[in-house]
Each structure stands twice: as C-alpha cells, then as structure tokens.
Amino acid sequence: MDLKLDQVSHHYGATNVLDDISLTVKKDEIVCLIGPSGCGKSTLLRFIGGLERPSSGQILQIGEPPAASLNPLTYIFQDFALLPWRTVEGNVSLALEDHKLPKAEQRAIVEDVLRRTNLSDFAKALPRQLSGGMKQRVAIARALSVRPAVMLMDEPLSALDSQTRELLMDDLVDLWTRESFTAVYVTHNLAEAVRLGHRIVVLSRRPGRIREIVEIDMPLAERKDRVHELEVKQHHLWDLMREEARAADRELADV
Amino acid sequence: ADKVTLGALRFTSHAASFVAYERGYFKEQGLDVEFKFFQAAQPMAVAIASGDVDFGVTAITGGLIGLADKGVVKVIGGALHEEKGIDGQIIIVSNKAYDEGVTDPSKLKGRTFGITQSGSSFHYMAAKIADAEGFTLQDMKVKPMQKVGAVIGALKSGQIDAWSIQPHIAKALIAAGAVKKIGMVADFIPDYQVTTVFTSTKIATENRDLVKRFLAAYSKGAADFNAALVDKTQGADGEKAMAELIHKYVYADQPFEKASKSIINGAMRLNPDARLDLTSVKDQLAWFKAENLAPESITLDKLVDPSFVETY
Amino acid sequence: MSETTMTNADIREAEQNAAPIARPVPFRGGGFVYKPVRIAGPLVFIVLIAIWEFGSDTGWISPLVLPAPSEAWTAFMNLVHSGLLWKHLGASLQRLVIGWTAGTALGIVAGLAIGLFSVARSGLQPLVSALFPVPKIALLPLFIIWFGIDEGSKVATILFGTFFPTVISTYSGVDNVDRTLIRMGQSFGLSWTSIVRKIVIPGAMPAILSGFRISISIAIVLLVAAEMIGAEYGVGAYILMAGSLMATDQLIAGVAILSVLGLIIAWLIGLAEKYFLRWRT
Amino acid sequence: MSETTMTNADIREAEQNAAPIARPVPFRGGGFVYKPVRIAGPLVFIVLIAIWEFGSDTGWISPLVLPAPSEAWTAFMNLVHSGLLWKHLGASLQRLVIGWTAGTALGIVAGLAIGLFSVARSGLQPLVSALFPVPKIALLPLFIIWFGIDEGSKVATILFGTFFPTVISTYSGVDNVDRTLIRMGQSFGLSWTSIVRKIVIPGAMPAILSGFRISISIAIVLLVAAEMIGAEYGVGAYILMAGSLMATDQLIAGVAILSVLGLIIAWLIGLAEKYFLRWRT
Amino acid sequence: MDLKLDQVSHHYGATNVLDDISLTVKKDEIVCLIGPSGCGKSTLLRFIGGLERPSSGQILQIGEPPAASLNPLTYIFQDFALLPWRTVEGNVSLALEDHKLPKAEQRAIVEDVLRRTNLSDFAKALPRQLSGGMKQRVAIARALSVRPAVMLMDEPLSALDSQTRELLMDDLVDLWTRESFTAVYVTHNLAEAVRLGHRIVVLSRRPGRIREIVEIDMPLAERKDRVHELEVKQHHLWDLMREEARAADRELADV
C-alpha cells in the first residue's frame, strides 16, 4: 500500500499552516519530514493518519493494505502515549482488544512483539518504572502488534537523551532490516534523518511548503559505519534550513 | 440613667416589657432600656450569659438551666402563668392529622409533635401531655424544628401533626383555618409557670438595686397589661390603647384591625409583681433532670434567686 | 438496480487491473473535542423556567411545593421597591467582606508559615487537618459566647470557615512551587527573603487564587448559617425568615440572590486571575 | 589569643605566596527543604490540651467559655457507656452513606456527560455553575416539603450538597485527560466506548478521587444542617441538642466525633487513592 | 580561579551515587561531564555550586574569583529556570537585585548582556512568548550578568530541538571565543561534548566513578568545520559508554 498526498493545504483559523503539499510514500520506504518548528509537520502527520482533515486536498491510500494488517496507519508518538495505569503487556494488548481476535492469538501476538523489541522481561512492569528508551520501545511494540502498513512517527526519539536515541536508532534499523516497513518519520534531527530516511522531505517555514526532497540510496544497515559520507548530505540539509530555523527560533508567540 | 439591654420575643407574653418601656416606667426607675429581639428563647439565655443582654423574659429551657448550672444566669421572677379561667396555651393539630382522627390529645399517641429545640418548653409540654394521657414521650415523636416559624410551616404543610403554643398565635392559626384546636395545656399542666424573668448572676449578686428597679418597672407594666386585657377593667378604650401599644412590637407587619384581635384574644395572665410559682419551676426542673436534658448537678438554688420577688 | 451494481463492479475490476484503487484514508479523529453549542445554555434555563412557570400556572406544581418563578420575581421586586434589598445585601456583604478578608489574610499567613518552616509544618499541619472538617455550624453556640450575639459571632463564623481552606491551598501552593526555580534563586545567592518574595509567593499565587474560589463559596454557605443567630438584616436572615414562614416565593428569591452573588464573586476572582496570572499560558 | 591569630595570619600569607588559597565552595542550598520535626505534631496537641485543661482547672478559662477537655472526655464516655454513641453514629453514617453515594454516583454520571458531550456541556455547565453556590441549608424548608421530614430530606440535603462538587471535579478530570492518550486510542481505531472506558475514565480517576475529599467534607458539614430538622438520633442532632442545652462538654465531644469521622474518611480515601492510583509516580 | 574536587563521594540513604571523584577544573577551560543516566552528574554539579554537600570529600576554590564577579559559581539549567511572571529583562535583573548596585549600573549590565545574546528586541517579552532556544539564551544572559568565574551547565541544550541546539552551540562557541570562560558542562550528547569540551570526563554507571578523561586540543572555533576529525573521539567515547548506556536504559525503577 502506498500513500499519496494530493495538494494538501490547511489553515487553523486565520493562520495558514500547510500550503499545497503533494507527495507519495512508497511501500517499504522511510520518508523523513524535516522543517523548522511550527511549520506543520505534526499537523501533516495527523492528516495522513486520518486524525484530522485538511482544509483542502486529500490523502489517498493507493492499493489495499495487507489482509493481516489490523490497523494500517499506526502512530508512534513523541511522548510515548502509554497508559500509565496499564502494564507493558496491557499497553500492547490495548491495541488488539477491539479487534475480535481469539484470546490465545492475542496473547501470542503480544508475546511475539515483546520478544522482538527485547521487552519480554518487562511484561509486567508499569510505565513509571521504565526509562524513556524502554517506554518508546513499548510504544514500538504496540505499533508492531497491529501489523501496520505504514508507521507514522512524530519525533519518536526527541524525548530521549542522546545516548538512548543512538541505541533506539540501531533498534529501528534492525527492525527495518529484518522486515522492512513503510514509515513517515517526522524529526528535527538531521542526523536521524540521514540515518533513517530513504527520502528526506524538507519543509519551509510556516506555511509549510516542500522546499526540496533529498534522496539517500545508501542501505540503512551500512549507514552507521559510513557516517562520513552522510555528513555531506547532512551539511546540505543544514544549509537549507539554518536561516529558517533561526527565524523560527526568534519568533514571538503573540499569545 | 443606667443602660440596660432587654431581650424579648415579638410575643404578646412580652407585653409587660413593651408597656413599661412605652409608658416610661423604666425611665421612672432611671433605666435607659434598649430592646434586643430574638427568634427563639434559647439564644436569649446565651446572650445573657455572653453579656449581650442584661435581662430576659422567656420560658425555662434546657439551655437556661445549663447556663444556670454554670453559674451565669439566675431566674429572678415570674412572667407568664397558666391560670384556670383564662385562655392559656392551646394544643393544635394540622388539618391533615385532624382529618385522620386526631381530634383530642389522647389520640396523639404515635403522632409527631413539633418543638423548637430539645429542652424547650414545647418539649416539656409534650411530655406532660403524653404523661397525662397515659403514654410516654417515646410513643409520640418530637420533631425539633429550631424555630417557631418552622414549626408553623411544618404544621401547615402537614409535615408534623401537633403542637402547643400561646393563644395569640394559636387563635390566629385556627381562625385562618390552617390548624385545629384539640385541647388546652392548662388541662394537663395546671398552674404552669410558662415564662420567667431572668438576668445574669453577676447582675443579680452585684447590682441588686438595678434588679429591683427593673422588676418594679416591669411589674407596673404587667399590672397595666393584666388590667387592660386580662381583667378588662379599663373598658374598650383601655383595651384598644393597650392593643395599639403592643401592636408596635407584635404583628407590626399586619394591619391593626387584624393584629388587635390576635393580641386581645391571646392575652394571658402575667404574674402580678413578678411573683414566681416555685412549685411549677421545681416540677419543670425535675422533669428536665429526669430526661437528661439538664445536668445532674443543677439545684433549685442555682437556678432561682428567690430574694427579689414573692414566691409560692 | 442490478445493472448498475454490475457496472460498478465492472468498473472496480477494471480499475484494479489498470491501477490500484485510491481511497481517501479513513477519518477517525471525531469526538472528544468540545464544540460549543452556544444556544444550549440559555435554552436550558429558558425551557426550565418556562416549564416551571407553566406547571405552576396550571396547578400541576402546587404553590406549596414550589412557587411560580413569576411569584419569586414579584417577591424580589417587592424587596427592591421596599428598599430592603439593599439593607439585606449591605448587611450580608459587610459580614462577608470582613470575615472573608480576615480569614483569608490569616490563612495566607499561616499557610506560608507551614509552607516555609519545617517546625510550623510539623506542628500546625496536623492541627489544621483535625480542625478543618469541624462543621462551623456546630460551633455557633460557642461562637455566640465567645464573640457576642452581634456582628462578632457572624464574622467569626465566616472567618473560621474561610481560614482553614485558605491555609491548605496556600501551603499546597508553596509546596508546588517549582523547586528548580528556588534552586535557581539560591544559585544566584539571593537572600531568603528575596526568594520568598520573588519566587515562592508569586509561584504559589495560582493556588492561592483558586483557593479563593473555594473559600468564597464556603463563606456564602456560612453566611446563611451565621445569620441564623439573631440577625435582623442579611440575605441569609431573609431566607431563614422566609423558610420558617414557608414563604417559598421569598425563599426562592433569596436563594437566587445568593446564587447571583456567588456567580458575581466567582467572576471577579476570574478577573483577578486574569490580571495577576497574565504570565500564564 | 592574639598570638594564635598572628600565627594563623602568617600561615595564610605563606600559603598565598606558595600556592593560591584553597577554600571550600560556600554552601547556599539551605532552607526550603521539609525536614519533619516528628515530635512537633503530637507535642502541639498535647501542649494545647494541657494548657486548656490547666486553664479550666484553675478557672482561668471559665466553663462557660470552654469546658475542660476532661469534661468533654467524660461526656464522650457517657455516650459510649449509654450505648447512645452507636445509635447517633449509626443514624448519621446511614444518612452520610446513602446521601453521599447517591450524590457522587449521580455527580459522576452528570460530570462524564458534561465532559464527553458538547451538547451536555453547553446546556448543563451553566446550570451547574448557577446552582453550585446555592447554600443547601437555605433550601432545607423546601427539602422538607419535597422529601418529608424524616430521612428523605436529610439524605436529599447531603445528596444535593455532594452532587455539584462531584460534577465539577469529574468534568474537570475528563477535561484534563491527556489529549495525546485519546488521540492514541483513536489512532489505533479503538471504539468510542473503549476510549471512554479504558482511557478517559481511568485518566479522570485522580481528579474524581480528590473530588471525593471535598464532597465528603461538605457532606459532614451538611449532616449537621440536615439533622437540625426533626432528627432524634445522629451526631449532628446530638451536637445541636448539646448546643441548645448549653452542654458545652457534650458539644465539644460531638464536634470531636465529627472531626475524627472526617479524618477517618479522609484516610480511607487516601487508601483508595493508593490502591486505585498505584500506577502514579 | 580553579576548582578542585577532592575525593568526593556521596550516598542518598542506602544508594551510593558518587564514588571518590577527584578532578581539577582549570581557568578558561570547559570540562564536559558525560555518563549514563542516573550516574550522578547533576548531583556532582550541585556539589560544585554549593547547593548540596557531599557525604565525604570536599570541593575547593583555588585562588580568588575576579573582584568584578558578583556570583562566582553560576548555573545554567536544563529547563531554563526562568520566572514565568517576569519579563526577559526582569529575569536577568533578578540576579542583580540582591547585590547593592546603583540602579543605573544594573540597567547597563542588563542591556549589555541582552545585547551580547542578541536579545535586546525581546527585553519586554514574557517567557511564555519565547521559543525554547530563546529561553535558554535568556538564562545565559542572566548567568553572564553576574560575571561568573565558573559556569555550571546541566544539560543546557537537551530540552531543545536539535536545530535550535545547533544554533545555540554556535552561540556558546562564539561567546567563549570572544571572552573565554570556565565551565563545567554536563551532557548526554557526545556530539556536544566533542564540540565544546577541552576535557571530557567519562563517568561510569552509578555509583559514578571517573572512567577516563579525554582531552581534545583542537580550538573550539575550528571544530565545527573539522567534524570529521572529532568523529574519532566521539566514536571512542561511544564505545566506552554504549554498554553502560544500554544497561542504564534497561534499569527498572523499583518505586
């Protein structure tokens, strides 16, 4: 299943947030969205997942999602969005409970995704006992449990300290290498973008427009050891964005 | 002149104070009296104890006895007294209860009886009525309603069945068709010393002269009242003048025509010379103690200072 | 019909062969968003009052159970025309203002002490917890003896009633002041008084102001209780008199006055919050 | 003395020449940390009661103003021995339990409705704001007409008193449920009821439980008010009777019973919070 | 003025947090402290600033702070620690108000530091109107206003998005280049450490011990354009820490 964004524009009240975004996300491809603060990245991601509707334009699913997919468009949030009153297990099974699966199958799925994310030992732990990195792993396990066709990730690593971020980036690359998935990955972090993105979409300041789409064809698994080569791309991205980032930074909220 | 604060209810039974004030008897005794009005008897006793009020006229209540036990108030004279031959307090029932067959006090068993507060004079009357009819207070549920007005309201709306109250209120209610009369308190408690005059122990011991002057003026007011409305020796003019005087304080919000009837009809004998019926007081005190509404330690000496007036 | 269905199926098949189907992503973000239904609020009031009036007029609601709103309005207008409204309101407001001001002032001082000093906290907090749940109505007889039957006991009732919640909201406000701000103050070598004045008190302000909302509603409730003690004037006294005379029209009018008073004061506190806490997001 | 000072100065000078002075960094992190002074709490109680008892014994506090604590204790023991304590407590607890349970249950339902449905919010919220500040004591006469002079009006007073604060705490709880959690639920395609049951209600739980603390203290206050009218048994009735008999020892005993009752219930709610909110940090 | 940490150890109740830390911070040198989560970095920084006292060992000031210094040991916090009820100006002057300076001098200092941090236009803004990067600049301005001998920075950039972080790193390098300052800089971010640190102190897991001290002698101003060369150091640091970071990540808080 591919996704196609067709001339998406949006305004909240009088503020234009997104302007004429057209983009296709291909199967098994990770598309990174980068852009200065407030340019509408999260808003765009909400449109893609069907949580909000754009003022004009539309988001199309092209082709059917795989039959096994319980929730074709699945999010991973910056702040993990775990229910604090449920255990790790309970948080994962939350996503399955509304689908009429036999209890045993449900249990099997939970066990499988916890194993894949190295969380089996933590099945009974409550979120408050976990470090940030572990919490995000639980969120990833939950997302995997519904066999998504496309993962929608909104700065999934930016609430983590940089060492944990490094560890989780490795995990994500591993996951993708073992079984490739489609993803739209929003981030501020250019290093992340060049490590994980097959294509990197650079948005302008608000109202967000597409400024450039950078392709990186180095296989994900190799990137870690070829950072030098990526450095050039990252530099290019930073040159594209520096002025806008500075302007966004100096913007005064007129509340 | 000595400044004196006098506690009162807007009842005809307090007329002696109003008369003494209006006709200048207090002034004659060198007393500069100021009234303070209350909604119920209990707070007046408390006000005497707290020093907000110097003299009060009201029924013997658990609160008064409680304060007397603490040595802060003293009964110094009598005020309102039940007397055979003069309409006294009336036992009334709600229309609803009357229709259900409560037509005389013996039928009150199992009924509800309104009182203002536990240990009020209404509580005592209820017990005495029950006693005389051969059942106990437990057989008749007493309902504390806190205020006279609340009892009236509950009676009118049929929330409670019975009550006993001074004639000026009872007769007005009966006349309005709101309640029915089923008996007289005097038949159950003959020679009932309904209200008394009291003051703080401090005044009674340290300022005996003030008490005497107060009682003298008060008695003069009571004599005028008895003459005009109870013994009716002053003729129609006297009656009307007295009613007009009282109307300033009682039923002031009603037209005089209506109010004067209630006032005149509701007149009860005030003890001449503030004489005090100690027999009745003793009986009341015994009942309060028996019902645990008064502390064990209270004695008649603590409650009454009999040295100011004639007692019997 | 069956033909159309056929045709549609044909088209779909054709599409599937030519290119995969393109469908908009399903929308699932509905609900859980508050969309104001502006007319609903006034409508509910109007409908309720209309039914009530209608019920009373037709005798379906007996006047004993509930007076018609129009009767309550008449009772209110009587109050206005007789000039008694201002007497009652004036007396009540005076008690409210004095009692509430004194109660909150003392409460803030005690609350700051508990919040700032370990000894005060250990010593006073249990006392406050023990005395807070004591119903002030129950203490009325004692208040009369302590503070006299006049304004003293009425003001004292309101004062005691507002003191305890203010203490509690103040010290929880102090407890919730961001510790890193205090640490920041210390790291710049600010004096203890500077930290208290410039960091702790402004930081506790939101909690103190929202405590005001609670204490004022308690004060209004206690106003009625306080005016049970032989008050001649006062909205509470008016209500109590109406209640004991079963004058339900006056009762409703009085209750409505208190309700409006409560709303006005809450609105004033809202304004104060807007002003004092304009630094908040 | 002066010799030592000289020597020290010498040493300092020597050091300064040889190597710069080494001094520990100044400590400036003091204060603003709560160090429990364990004995202070009990001590304050003991000292207060001791002074009170001593004052009463020496006549410095007149029995009219305040009975000695020992007298209040005697009054309490009388209550225990006569078996009346259980009658009073039983009657009061029954009213509290029925009134509070019904009031909070209805309040939670109404609060959830306001929190979840825009129409309910627009329509009911203004009504709740208008009725909340109405002192329930003022409505007693109406309650008596509506619900009878027996248990009905007493339970209704408590019910109405607890209903409104519960509504408010419930819907503010719903409002404060983390929106990203709800969005998460929607993104996984959970049904509306699942989101309400598994996300909104547990998320509003802390606010609802802390609303219980408020509603229970209101319920205790209203218990006294409710038992003013035609109650034979009940702690409130006991206190009112003591007040009207000026039996201050019994009054203090009764007030202490209510205070302890309040503390016990607050403690129970604390336990419930510990249990239901054990997922919180 | 130098700082000397002399055998500092600390325990909170039964948990040992720091174990026998000895270290000297020289004038005009930026010392970075890195280590896995919970190893006691922030605690150590609090000891250095005199906000807490270690269980044993001591922290010594060697030599006198410059006479002009109003607050020799000055913090910059991760979450900015601005008073939300004061304007930018007011937040800066807060640090000066307790020193008996003439009003005019005070005003001059505030103006000067706001100018140096490019904040002059924002003097009247409230913190809520500012982006994270601007808030941290205000905190830096406030710190500069008291002319610190040593700046103590606890992950000053980790609450910012990575583009803003990049901008602020440049600002800090500029500040240091114009007028060098002494600093102890706590961070999780190895890229930050190699960009800003003259020496990088690597702590072990809790109880924190010094595992290694890495020196980098490339001038700060040149580092931005010689990232490749720093890459080696960064790799070395990451090799030192990866296992410990992973272990710290998988730790279960037993609350």
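By written order: A, B, C, D and E. Residues from 1 in each chain.
Following the convention adopted for this analysis, a residue touches a chain if its C-beta (ideal position, glycine included) is under 8 Å from a C-beta of that chain, and two chains touch if they have at least 3 such contacts.
Owing to the predicted nature of the structure, the values given are computational and were not obtained by experimental measurement.
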Which other chains touch chain C while also touching chain E? A, D
Compare the contact pairs of C-E with those of each option in D-E, A-C or A-D, and report the one where over half match by residue number. A-D
Distance from chain D to chain A - Cα centre to Cα centre, in angstrom: 45
Distance between chain A and chain B based on Cα centroids, please, to the nearest Å. 85
Two or more other chains in contact with one residue: find those residues in chain D. 28-29, 64, 141, 145, 183, 186-187, 189, 240, 244, 246, 281
Chain A: which residues touch two or more other chains? 49, 51, 73, 128, 255
If a residue has to touch 2 or more other chains to count, which residues of chain B qualify? 46, 49, 150, 153, 157
Chains grouped in pairs wherever the two touch, ordered by label: A-C, A-D, A-E, B-C, B-D, C-D, C-E, D-E
Report the residues of chain A in contact with chain C in the complex, numbered from low to high. 2-4, 46, 48-53, 58-64, 73, 255
Quick check on the complex: what are the chain B residues that touch chain D? 42, 45-46, 49, 61-63, 65-67, 70, 72, 112, 117-120, 141-146, 150, 153-154, 157, 159-160, 293-295
Quick check on the complex: what are the chain D residues that touch chain A? 178, 180-181, 183-191, 194, 198-199, 202, 205, 279-281
Per the touch rule above, chain B residues touching chain C in the complex are 36-39, 43, 46-47, 49-53, 147-150, 152-153, 156-157
Within the complex, chain B is touched by chain C residues 64, 141, 144-146, 148-150, 229-230, 232, 240-241, 243-246
